[in-house]
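Okay, here's the structure, questions in a sec.
In order of appearance the chains are A, B and C, and numbering begins at 1 in each one.
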Amino acid sequence: MSTPAEEVVAIGEATLKDRILNRLTRLLQDQWKLLVLGIPYAWLLLFFLAPFFFVLKISLAETTIASPPYTPLVEWVDEGIMHVRVVIDNYAYLWEDDLYVNTYLNSLVISVTSTILCLLLGYPIAYAIVRSSHTVKHILLLLIILPFWTSFLLRVYAWMGLLADQGTINDLLIALGIIDEPIRMLYTTFAVYVGIVYTYVPFMILPLYANMEKLDWELLEAAADLGAKPMTTFFTITLPATSPGILAGSLLVFIPATGEYVIPDLLGGGNVLMIGRVLYNEFNANIDWPVASAVAIALLLLLVLPMMLYQHIQAKETENP
Amino acid sequence: MNQKRSIFLLSTLAFGIAFLYIPMVLLIFYSFNKSKIVPIWGGFSTKWYVELFKSPEVWDALTLSLKIATVNACFATILGTLAGLALVRFGRFRGRTLFSGMISAPLVMPEVITGLSLLLLFIWLQSAIGWPSERGFSTITIAHITFSMAYVAVIIQSRLAGMAQDLEEAAQDLGAKPLRVLTDITLPLLAPGMLAGWLLSFTLSLDDLIIASFVTGPGATTLPILIYSRIRLGLRPDINALATIIILVVAIGVLVAGYIMLRQQKQRALDMQMTAEETP
Amino acid sequence: MAEALDYTDRPWLDPEAEPFIKVQSVSKHFGDFTAVDSVDLDIYKGELFCLLGGSGCGKSTLLRMLAGFETPSSGTILIDGQNMNDVPPYERPVNMMFQSYALFPHMTVWNNVAYGLRRDKVPKSEIQQRVDEMISMVELDQFAKRKPHQLSGGQKQRVALARALVKQPKVLLLDEPLGALDKRLREQTQYELMNIQEQLGVTFIVVTHDQEEAMTLSTRIAVMDTGRFQQIGTPTEIYEFPNSRVVANFIGNANMFEGRIIENGPDHVIVESNDPKCEFFVDHGMSIQEGTKVWVALRPEKVRISKESPANSSANTIRGMVHDIGYLGGTSTYRVQVDGDHMIEITSPNMMRPRDASPPIDWDEEVYLSWDASSSVVLTK
């Protein structure tokens, strides 16, 4: 077959034009991707990441009675001479004052204990849900999730009515003749534990459930078949197999519980000190922004490892579901 | 032995459900109490409901909260969907680690920190560029979008990861350009996830007290801020009435959604069974 | 006029035929992993070509490069003379049938099939006509309004096929087209696929791991392993004349003997194997030096088993003891232990009912195995 020269040129032009068009559509395609990624990226940089620098900056400033109530870090003393004043007093203050150190430790004790309590309560519940029949399973899951959709504040408020000196529990106990005098429950550490477990136990149950749902239950039968007693099976098979769920659930309880404000404020009264509450009060009541910021940084340092761990799990989960 | 185990499991389950629901039931019960002192029963009455609705403060707070929740849910759904798409479908890109970190961190960040840091940003922005001139609706909405979009992104991510990429490839193979694939295939299949994300964002916003109380200004009181200011001082029957309404609205919503989902699943199972019987 | 050779069914033998698809030294790397290693391939118009190999051999990656979902790390792919390297999937003249079928769950069968034509901005009336035609061709008329989840596996497979074919692609790529069907449906569908292919004359490229499927379907097969083609040929060529041990073992079963060329005649070679001790007389000449190490492949069905020693020479015969018998109905499989612990597998048809036959061969009986000079294949790698 012989092709005239013009035709060759024409084909050459056509492919060139096609190529340019292709390049253009590719470019558009890339730009479109940039838009999809760029908008949420910019939003998070501005409204999530940038604010932390302000917290860090103000935590290194001094308190003054002014508006805003802190000294600037960077001052232009003379023309072109920049004066940087960094004050680590706020951190030193936190370290030296027993109040803050105790608050820190107390928060840790409360959140760790609450996490364990949630696990002890949540594990058998998740297990029972997984092993129930299809329809029952759906209803139970709905029951676990439903409180999550209702107001957190009002659910904490409900416990105020239960735990008060003249509350439902004390009334009931007195009416039954078990006690004569009301037991003080509201505004104690006990009430804070009840509140945290009550609020966060669904966060423990749901990841555990998701984990157990994927579990190969024949493993347990295999273990039993090989002669393991129920207890042995539980500790050697079930527990290790559900450990990712335990870890995820524990982090989901531990992290927010450590920074909790509403529960210690409403149920713990003035007696229970937790970091979140101290931060809130330093900022809103004492108007000490630098110290509040230092508290925030200290809280963040405490939680940064668990948060990274949680993110790691989350990333792994979404990559291989 | 097996029975002993199941008795243990069932009693824990029963205790857990009771633990979750008895406080709410009592909350509702006392909302119909005539007496002003909440735990002391003074006879049946609906007067606290009447009182609640007579209060203009409650109406104002409710309106503000609903407005914020609606705007927040729409923006958070869009931003979260974009973020989820980028994370699952764009492969590796520069700054991916930072991006995925910023997406998942708000989920677990203590609210006091998020609230404080955003407030400091808003104050700085005000002095630097004059915006926001006052804190309230806009600042609370921005703050809510920031953490709500993270929840939406997680939902979208898990939906996308579970959705086979074949479908998108098949559409391309049949001649659909990437943007067309997004509108024809990806987004319709993501619709249930986006709806779930919208509802979750709406609820999260309605529920938030701490972040809102940091970034709000003098004039703007959301419903949680109002409730909190009232219950700090002790139990109040009108709050019980308000709680009852909220709980009932949510319960009905969740039950209806749950029922629809269950029915859809049953229909699907039925369809499958039918085709299995039809084919030789 | 000289005798004209008819190449219509074997275009690859025609020296003047221009291949429709040319794969030229194409490689694909994923990080350190080489999925496809510098392969060359010519496929002609109207072929039903199979890429056959185990999982991870690179066959799917090659198919995805043809479809445009992966870009070659090096090399070029030409379809109908056009370089495809810069052409995105949505502009290629090929369509693919996915292993999972990838039917859009939110669209009806009809809309699934119409999707590709709509993207090409085909006029409405023509879409209507072509989709209806295609749907009746795959016999799904009464299912057109259903959603994919209301279909059985076989029906889904046909929708996927119709959806890919309605665009009248120059090439149809099929990724494990029968993989998700059960065995009986698979056999029936195989023939349907072949009929449709013949009817439309579209070039099919099929990826499969199932050798029987490849043998039944294809005009030619490329056996792939670790990113390279081991052999390309017709099913008969590949089965009867494998070019390596990998191919001989992958396609069907083969008894393999390691040995040395002890005699190289113009029309025959003799191979001596030490373990088991045996001599192979092969009736084709080879350009190979005496003393070279080779392997002899012997298909189980080409070996005769008998209780009496065969009359002729000592070559192509070996004595052994029956170790196992597997009765499969139509055939029986014997595993015969020869010269120590070496096992030879023999398949032999059960032509007579047991009571009519001479006393059957039993376990632990001494037997003689023999084969023809044309039955064994000498392999050098």
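Quick notes on this structure:
Note that in this section contacts are C-beta pairs under 8 Å (C-beta built on N, C-alpha and C of every residue); 3 or more make two chains touch, one makes a residue touch a chain.
If you're wondering where the values come from, they're calculated on a predicted model, not measured in any experiment.
Counted as hops between touching chains, the shortest connection from chain A to chain B is 1.
Ranked by C-beta contact pairs, the top pair of chains is A-B. Spacing of chain A relative to chain B, judged by their CA centroids, is 15 angstrom. Separating the centre of chain B from that of chain C, both taken as means of CA atoms, is a distance of 55 Å.
Among all residues of chain B, those that touch two or more other chains are 177.
The multi-chain contact residues of chain C, meaning those touching 2 or more other chains, are 88, 91.
Residue positions of chain A with contacts to 2 or more other chains are 25. Only residues 1, 5, 8-10, 12-13, 15-17, 19-24, 26-27, 30, 37-40, 79-80, 82-83, 85-88, 90, 93, 95, 98-113, 116-118, 120-121, 123-124, 127, 142-143, 145-146, 149, 153-154, 157-158, 161-162, 177-179, 203, 206-207, 209-210, 213-214, 224, 227-228, 231-232, 234-235, 239-240, 242-243, 246-247, 250-251, 253-255, 258, 262 of chain B touch chain A when the two sit together in their complex.
Residue ranges of chain C in contact with chain B, taken from their complex: 67-69, 88-92, 94-96, 98-100, 102-106, 115-116, 119-120, 149-152, 154-155, 163-164, 167. Listed in rising order, the residues of chain A touching chain C in the complex are 15, 19, 22, 25-26. Those residues of chain A that touch chain B in the shared complex are 25, 29, 32-33, 36-37, 39-41, 43-45, 47-52, 54-55, 58, 68, 121-122, 124-125, 127-129, 131, 135, 138, 140, 142-147, 149-155, 157-162, 164, 166-168, 171, 198, 201-202, 205, 230, 251-252, 255-256, 258-262, 265-266, 276, 279-280, 283-284, 289, 292-293, 296, 299-300, 303, 306-307, 310-311, 314-315, 317-319, 321. Remark: chain B residues 164, 166-167, 169-177, 180, 184-185, 188-189, 268, 271-272, 274-276, 278-279 touch chain C in the complex.
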